[in-house]
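For reference, the structure is listed below as structure tokens.
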Amino acid sequence: MYEVVQEFYLSKGFGGRVGFGENPAIVVIDMAKSWLDETSPLGSENLDPVMDKILRILSSARARHVPVFFTTMAFDPDGAEMAGPVGRKLQHSSLQGALERGSDLVVLDDRLKRRPNEPLIEKQRASAFWGTPFLSYLVGRNIDTLIIAGCSTSGCVRSTAESAHNHNFHVVVVGDAVGDRSGIAHECNLIDIDMRFADVVPTAKVLAYFDGR
Amino acid sequence: MYEVVQEFYLSKGFGGRVGFGENPAIVVIDMAKSWLDETSPLGSENLDPVMDKILRILSSARARHVPVFFTTMAFDPDGAEMAGPVGRKLQHSSLQGALERGSDLVVLDDRLKRRPNEPLIEKQRASAFWGTPFLSYLVGRNIDTLIIAGCSTSGCVRSTAESAHNHNFHVVVVGDAVGDRSGIAHECNLIDIDMRFADVVPTAKVLAYFDGR
Amino acid sequence: MYEVVQEFYLSKGFGGRVGFGENPAIVVIDMAKSWLDETSPLGSENLDPVMDKILRILSSARARHVPVFFTTMAFDPDGAEMAGPVGRKLQHSSLQGALERGSDLVVLDDRLKRRPNEPLIEKQRASAFWGTPFLSYLVGRNIDTLIIAGCSTSGCVRSTAESAHNHNFHVVVVGDAVGDRSGIAHECNLIDIDMRFADVVPTAKVLAYFDGR
Amino acid sequence: MYEVVQEFYLSKGFGGRVGFGENPAIVVIDMAKSWLDETSPLGSENLDPVMDKILRILSSARARHVPVFFTTMAFDPDGAEMAGPVGRKLQHSSLQGALERGSDLVVLDDRLKRRPNEPLIEKQRASAFWGTPFLSYLVGRNIDTLIIAGCSTSGCVRSTAESAHNHNFHVVVVGDAVGDRSGIAHECNLIDIDMRFADVVPTAKVLAYFDGR
């Protein structure tokens, strides 16, 4: 149904193709238990297909020395870092301990096998850039293209894509390697992302791009 | 249809109520010809009902000395400020002159009657905070509550609401005083905004809040 | 000798008095072994007098429920977070392990007795605001005045004062509660800070302000 | 006298050499009447030698298609953009009209002969990055090296150098192409810049770098 939005926005000159640049990096957003486990307050539907795609992308990226970054979220257990409106808006965070620093819930999923040279960015908002040094990691490596995978499409993925677009990177969101706890939110936000901030492409296209470098 | 997303997100602990704080300001987003005139590349459906609500809010705010801010967008005619992926993504901006600094299209609508003590923020991205001094105008006035009106819901309104939430303001988006060139995009994004970043309330509630101060 | 700069800048209209606002917070910058121990690569001359003043300010602030924040610096041991020009400029950081996350060197000095509701901000640059969520902690508490103590005057203190000034807070640097590994750098930078970014005042004045609230 | 600071900081591992990268840009800071004319409240001593060096650098850069950026400062005449502590600290700005948008004082000096494809960044704080889209202009052009000239060394030059360092660019400040209204402030701050944020090099070295590309 949201396709009518896509059509209308395309007719207005939104949704241009940015394409891949010459020096890519990957960021994998919030693939930790708090978002992956259905029993967690923030948990999503089964994101195993998304994880499979991410593992394929990581494998190819690592073989080609494409820089890899990961994010998770973390707040102090005491709540002092959530004082104010933020803690009232996102009650799961302040009330239910879903995002406590040091808890099992915010540790990256084992399957990702993060390496020591792949920075883990601890963030407190949706965007990987907000309140973190992430931007400087990209600039210091001359990155011009940010490829985004992980969850959730309507939250941290969209926000990270917007921030990267704002900073003027080539932004690529891997449509089948991102997910959301709501399928509908996933679909609609993927179209908004494609119209405004990033090229939404399938995993196969990212792998082909890596192969061609 | 997007209501199922709302229900599901509420069940997960999203969508808490932030409420109004004690020291509000209003920001009116992009109410200029480029977005209001249907003949413009970026033009929206008839936003007159939105304008009517905005004028009522402004009237009440000015009578009570609530600070008022406006935004518009502007790029140099030469295109140097759009060089890179941003200009490729938003082709209307770079190709069609819809956002040229100094053109009639980006001047605020006359009906707003901006006053000299109401800053006009010229921005180059969706958020009123991105690449602008807006945040310092709020901090310097001890503002704790940002009330957002204008257009477009799925773009500049959502992004401004997210930025203000990130900075930990009480954020209020006036549901009937914001609009989008697509009604569906308006509806879906308003729910995302309400779940994640801001309380979405009707104009009447803002006016009552002003009356009660 | 740097007093001639002060006189000249005052004659040009720099160095106005900002004064205290109504809702203060304290930030104590980098009072950890890496900066306090003379045997550390980054170590300063004896900062015990500075520590004494800080402890007096903390005691008064805590008794009056003035929010307290601390900073330290930390980078991953692998060096991936220092890749690029930053690591080449500050060689102690990348080569000598002086700022490794988890090492004794970056843990706050015991005498500060940090409490659970006093956030510790881990930063990677001089300013407490850069790449951290610190700003949102201040906005969420309606802070209008930031009182700065700690080290080093010519680095992290000056940068934090400038950031806070940029955001339009009342900024107060406590002249006898900040220090530098070089006494001359301390003197000269304190004057620059006073002319451009913050009121430089003695500890006694901060304590009197707290008493008068 | 400040050389003792330099020696001490070098001994501690500060002041590493960053070197030039592969894709440079130039930013010329605040070379407008407000800073260049001794009769202006903000005016400097004779900056003609600095201007001469800047013109030589611009000539070489333009011939080699190195991107060029300029900055100036501007506030609304009404004062609403200066409300709060910022306006109290920098009284020349709020009281004496030295930085009014549209006034002759903030227009770039004619000798610079700015071209349409050389963006002019209007800033409200010392750093060219603060509250402006400047960073995105650099990222969108794949710039890895920022060469800084203009004034004042102890203010806008130092702050811009620090911001660029924070973002992890190679930062180069051209020692004889920057100036300050105080010679002593110039000398001391140039050393701090060299120890912490940027390589300070003479114009000849920048020209040689351009020739060798």
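So that you can tell them apart, the chains are marked A, B, C and D in the order they are listed, and the count of residues begins at 1 in each.
Simple rule for what comes next: a residue touches a chain if its C-beta (ideal position, glycine included) is under 8 Å from a C-beta of that chain, and two chains touch if they have at least 3 such contacts.
Quick caveat, the model's predicted, so the values are computed rather than measured.
With contact taken as defined at the outset, chain C and chain D are each touched by A, B. Between A-C and A-D, more C-beta contact pairs join the chains of A-C. Averaged C-alpha coordinates put the centre of chain A at 33 Å from the centre of chain C. Between the Cα centres of chain A and chain B there is a gap of 25 Å. Mean C-alpha position of chain A lies 36 Å from that of chain D. Shown for chain C are the residues in touch with two or more other chains, namely 21, 84-86, 125, 130-131, 135-137, 139-140, 166, 168-169. Taken together, the chain D residues at the contact with chain A in this complex read 21, 135-137, 139-140, 142, 144, 166-169.
Against chain B, in their complex, chain A makes its touches with residues 1-2, 4-5, 8-9, 12-19, 21, 41-43, 84-86, 88-93, 95-96, 98, 125-127, 130-131, 154-155, 159, 162, 165-166, 168-171, 181-182, 184-185, 188-189, 192, 196-198. Note for the complex: chain D touches chain B at residues 76-81, 83-86, 116-119, 124-125, 130-137, 139-141.
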